[in-house]
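Two complexes follow with subunit A in common, the first pairing it with subunit B and the second with subunit C.
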Partner chain A sequence: MTQNELKRNCLIGLALAAFALPLVVSSPTYLHILIMLFLFAYMTTSWNLVGGFAGVLPLGHSVFVGIGAYTSTVLWLQYGVSPWIGMIIGGLLSAAVGYLIGKPTLKMRGAYFALSTMAFVEGVRVMVENIDMLGPFKLNGPRGLNIPPLPAQEAGFWSFQFATKEPYYYIALTMLILVLALTYYISHSKFGYYLKSGGEEPEAAQALGVNVASCKVAANVLSAFLTSLAGTFLAQLTLFIYPKSVLTLDLSFELAFIALIGGRGSIAGPVIGALLLRPVSEFSRIYFSDTLPGLHLIILGVVLIVVMLYQPRGLTEPLLGLFDRITAGFIRKPQEDTV
Partner chain B sequence: MSLLEIQDMTMQFGGLVAVDNLSLSIEKGKILGLIGPNGAGKSTAFNCVAGVYTPTKGKILFDGEDVTSHKPWDLCKKGMGRTFQIVKPFAALTAMENVMVGAFATTDNRDKAAAKAADVMDMLGLGDKKDLKPGAMTIADRKCLEIAKALATNPKLLLLDEVMAGLRPTEVDEIIEIIRTLKAKGMTIFVIEHIMRAIMALSDEIVVIQFGKKICQGEPEAVACDEKVIKAYLGDDYAPA
Partner chain C sequence: MDLVFFAQDCINGVLMGLIYGLVALGLTLIFGVLKVINFAHGSFIMVGMYVSYWAVTLTGLHPYLALGIIVPAMFLFGYWIQNLLIRPIFIAERDVREPITVIVVTTGMWYVLDNLALLVFGPDYRALSPNPLKGQMLNFGEIFISVPKLYGAAAAVATAGLLFWFLQKTRMGRAIRATSLDRDAASLMGINQWKIFNIAMGIGTAVAGVAGAVLTPFYNVYPTVGIPFDVKSFVIVVLGGLGSIWGALVGGVIIGLVESIGPIFMTSTWTEAIVYGLFLLVLFVKPSGLFGQKHDW
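Up next, the complex of A and B:
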């Protein structure tokens, strides 16, 4: 077995363990924490396509979560359309919005892009909070939308509602694995090379035939689509959405924090970041949500500062280095025995 | 037939005329040297040709086609490769991946791009540095990497902006050799260089500019003894009486 095979087997083992976990963990509370962990890893991986590889800092990705959540929920409540179909429609809508806001803003440099994405999500939130009816669609302003839970025997795949947490767990895990596979594929493709080079040295990339601006817009469209799917999932998991839950800067910032601390532009970064940081967010919400709301963002901010001081490329690089040394150790030992 | 033809090109930044009514042309398979004092407008002229700036006035013909105001990435696809005076490596990628970005201009396939990049790096003597990050490479190797990236795009015309600046004499000799090899393979090269020894050895013809204006053009020996050129470089005091 070569080192690469060993590493691959470790990853496969990890995925299998994740699939087997609900056999051991049955507490709905813990399953919920794990589901949210996968969901955040999924959203941050989607964010990473543009925020990591394309080298810009989007701080408004919750707008796509919101579009996904509202689209599928409105279609389900008013027209009985399966949330799975609503999920795709929301994704396409988000992709269109991602194109329209990406086209003019992705030409801007650094902070201007980040600021314009923040302004956009705030604008959308304020609008939704003030709109009860958008044409024929009922958004219900700041009160948000409630999805009445179906009785257990009617719940199921088509309605994207389940009586237990396990199905949500497996859906979230599958979404995460698929988006990681997609990211792996992209980062090894021409598009991935173009994104990374254009994100780092746009002028040099352009001279090598890269249309940097359109690559970034394409990445934003794909990222918006994928992020939006998480919005529908979140709506079905919580069965209640309102502007301040899905269209907030909090959520946008948390994705950026996870990516920056985990390691922007690496495939494992968002997963490692979510693994380390989601528990912080969960526990600070459980214990301090009444006394100190927003405490998790303060903690994440402090962690970010410390990480940026000592590991400016995020925690993934040292952790992968460790993984590398450990697997190398396992490979070497048997060979030394035979010599 | 000339591969590149610049006609009455002017580039203004606000009130500053960086390139002033410059005309020149390069025959296929030749090397044209562009020299001039610091700030003369050499890099700006390159940037206009490569599409970074749209010239205020004038026309650029590449392979018979008017490419004035075309974008850099389109010009690259048409066969224009360039290096930057200040090297711009992609720091997070390995040397090989840097070159692959260029190679993707000719193919969508990753394996083909990798093969192309490996070929170019072997030819330039970077064969054993493929897995290094640019940050771990010497200045000379980083300059060479710039050339490799440009070459991987399969250019017909190569624009080299001071690729020898800051190198030791032996390293300069190596780059001169590389450029000679490229020429022998039929590449057309437009080169900016301050190192006189190199530009004299390489160029079929030299254009001298000062304050954006062409002050002299000719074969290397003729240019070297031209009175205006000596004045431009050394000041009026040194002009032969």
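Up next, the complex of A and C:
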């Protein structure tokens, strides 16, 4: 067995274990934590398409989460459209917004781009908080939208509402695996190489004939679409959305933090980041939120600073190196070309 | 609409705008020298407000006399943060002119500082007491002017003037300007750029402290107080031109006027959306701002 085969087998094993996990874990609290972990890994992976590969720092991705959440919820509440269809419509809407906002902003350099995405999400939040009715659509301003839960026998796949946590778990896990596969495919495609070259050395890439700006915009559109799907999922999971829950800087920052700590630009980075940080967030929120408010954000900030100072490329590389060293004894012949 | 009300709103807008300019002044100074945007600037304002709150509460000094404590404390705070956290990144990423890692680390600082304040001081809104300026009004006919805001605006202009004089006329100011123009050339002339960076960060933070002291007499202190000022400072410095001292004041006045005159025509919460719209517009059309230098963008 070579190193690569070992890694592939480990990944398959992990995925199988993840699918089997609800057989062992039945507590809704723990399942909820796992669902949120997968959801954040999913959103961060989507973020990573533009934040990691394209080499910019978007701090406004919660706009797309918000669009996804609001679109599907409004369509379901007012027209009875299945959230699954709303999810796709929201995704397309987000993609359009991602194009419109990405086209002018992605030409800007580092800090300017980060600032403009921040201003955009704050502006959208303020607007949504001020709008009760957007044309025929009821947004309900700062009070947000409440999805009335259906009785258990009517809940099901079509209405995207389930009486237990397990279906949510499997949907989130499937979404995560699909987006990871997509990222893997993209990072090994011509588009992925263009994107990475444009992120690392824009001038050199342009000199070689890569249209860096349009690659970045395309990545932003795709990332917006994918992130938006998570917004719909979040709305259906919590059944209550309001501007401060889905359209905040906090959410945007958390995605960026997870990706940066995990390792931006690597496929495993967002997953490892979410694995490391989500439990910290959840448990300190559960156990310390009364006595030590904001503790999890302090931990997040300190971890972020320390990681940036000592491992600016994130924790994935050293962790994978550790994995290689541990498994080096088990494999027959270590190969030179392992990734 | 009454003309008196309009004049009243204009005066308020200009006064508040100058204070906004003061709030953004530290950010623009730090950017001018280090070429990085300090995302934790709002938290520095928050720290400045807490320092001035405690300085006044514990000593009973007049808020403006307490500046004698606030300014040195904040200078040391900024100097120390720069030396401890940001200098290593500059050393590690020497060849990158505007390392993205700095944005990340300052954002981390923002989170740590805001939540530390929450942890230590709790979520309470604190009003300054003893507050000799509380609710004082000057009265010209039908026009009322808030005294703490008037003092604040005067302090903003004075601080900007002092900073300008310092940068133009003193030896240290010249060294700072040389470093901001060309780090390597400045180093070759015998300027220790790390020391200059530390000092620039210290001065920027001290100015944030002045802003905090000016704000506390009429603005409550609470852990997340920095966030509205944070985003507003970004808008102001981009509007006025990153790195420009007078640009910050002009940008501040523009924002102040939008915020005070806007509510005549629409719901006041909408003006906030207009401010962000204005910001995006400037970024798209003239990213170097009104007074910024072309090469800084």
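The rule is short, and it goes like this: the second predicted complex is superposed on the first by the 322 of 339 C-alpha atoms of A that agree within 3 Å, B and C clash if a C-alpha of one lies under 4 Å from a C-alpha of the other, contacts with A are read in each partner's own complex, and residues count from 1 in each chain.
Basically, a contact is a pair of C-beta atoms (placed from the backbone, for glycine too) under 8 Å apart; a residue touches a chain by one contact, two chains touch by 3 or more.
Just so we're clear, the structure is a prediction, and the values are computed from it rather than from any experiment.
**Student:** One more residue to check, A:9. First (subunit B), second (subunit C), both or neither?
**Tutor:** Neither partner.
**Student:** Does subunit B (first) or subunit C (second) touch A:174, or do both, or does neither?
**Tutor:** neither
**Student:** Examine A:196 and indicate which partner it touches, taking first as subunit B and second as subunit C; both and neither are also allowed.
**Tutor:** In the superposition, A:196 touches subunit B alone.
**Student:** In the overlay, answer first, second, both or neither for which of subunit B and subunit C A:114 touches.
**Tutor:** A:114 sits against subunit C, while subunit B stays out of touch.
**Student:** Pick one for A:211: touches subunit B only (first), subunit C only (second), both, or neither.
**Tutor:** Only subunit B; A:211 stays clear of subunit C.
**Student:** State whether A:265 touches subunit B only (first), subunit C only (second), both chains, or neither.
**Tutor:** After superposing on A, A:265 lies in contact with subunit B but is clear of subunit C.
**Student:** Which chain makes contact with more of the residues of subunit A, subunit B or else subunit C?
**Tutor:** Comparing subunit B with subunit C, the partner touching more subunit A residues is C.
**Student:** Between subunit B (first) and subunit C (second), which does A:295 come into contact with in this model arrangement: first, second, both, or neither?
**Tutor:** It touches subunit C, and subunit B stays clear.
**Student:** For A:188, is the partner it touches subunit B (first), subunit C (second), both, or none of the two (neither)?
**Tutor:** First partner only.
**Student:** Considering each complex separately, which residues of subunit A are in contact with subunit B in the first and with subunit C in the second?
**Tutor:** none
**Student:** Which part of subunit A faces subunit B closely enough to touch in the complex?
**Tutor:** Where subunit A meets subunit B, its residues are 188-190, 193-194, 196-197, 200-201, 203-212, 265.
**Student:** In their shared complex, at which residues does subunit C touch subunit A?
**Tutor:** Checking each residue of subunit C against subunit A gives 36-37, 85, 88-89, 92-93, 98, 100-101, 103-105, 107-112, 114-116, 118-119, 123, 223, 227, 231, 234-235, 238, 267, 269-270, 272-273, 276-277, 279-280, 283-284, 287, 297.
**Student:** Touching subunit A in the complex: which residues of subunit B?
**Tutor:** Subunit B residues touching subunit A: 50, 52, 71-73, 76-77, 81-82, 84, 88-93, 97-98, 100-102, 104-105, 108, 110, 113, 149-150, 152-153.
**Student:** Once bound in the complex, which stretches of subunit A touch subunit C?
**Tutor:** 57, 104-105, 108-112, 114-116, 118-120, 122-123, 126-127, 129-130, 249, 253, 256-257, 260, 292-295, 297-298, 300-302, 304-305, 308-309, 312
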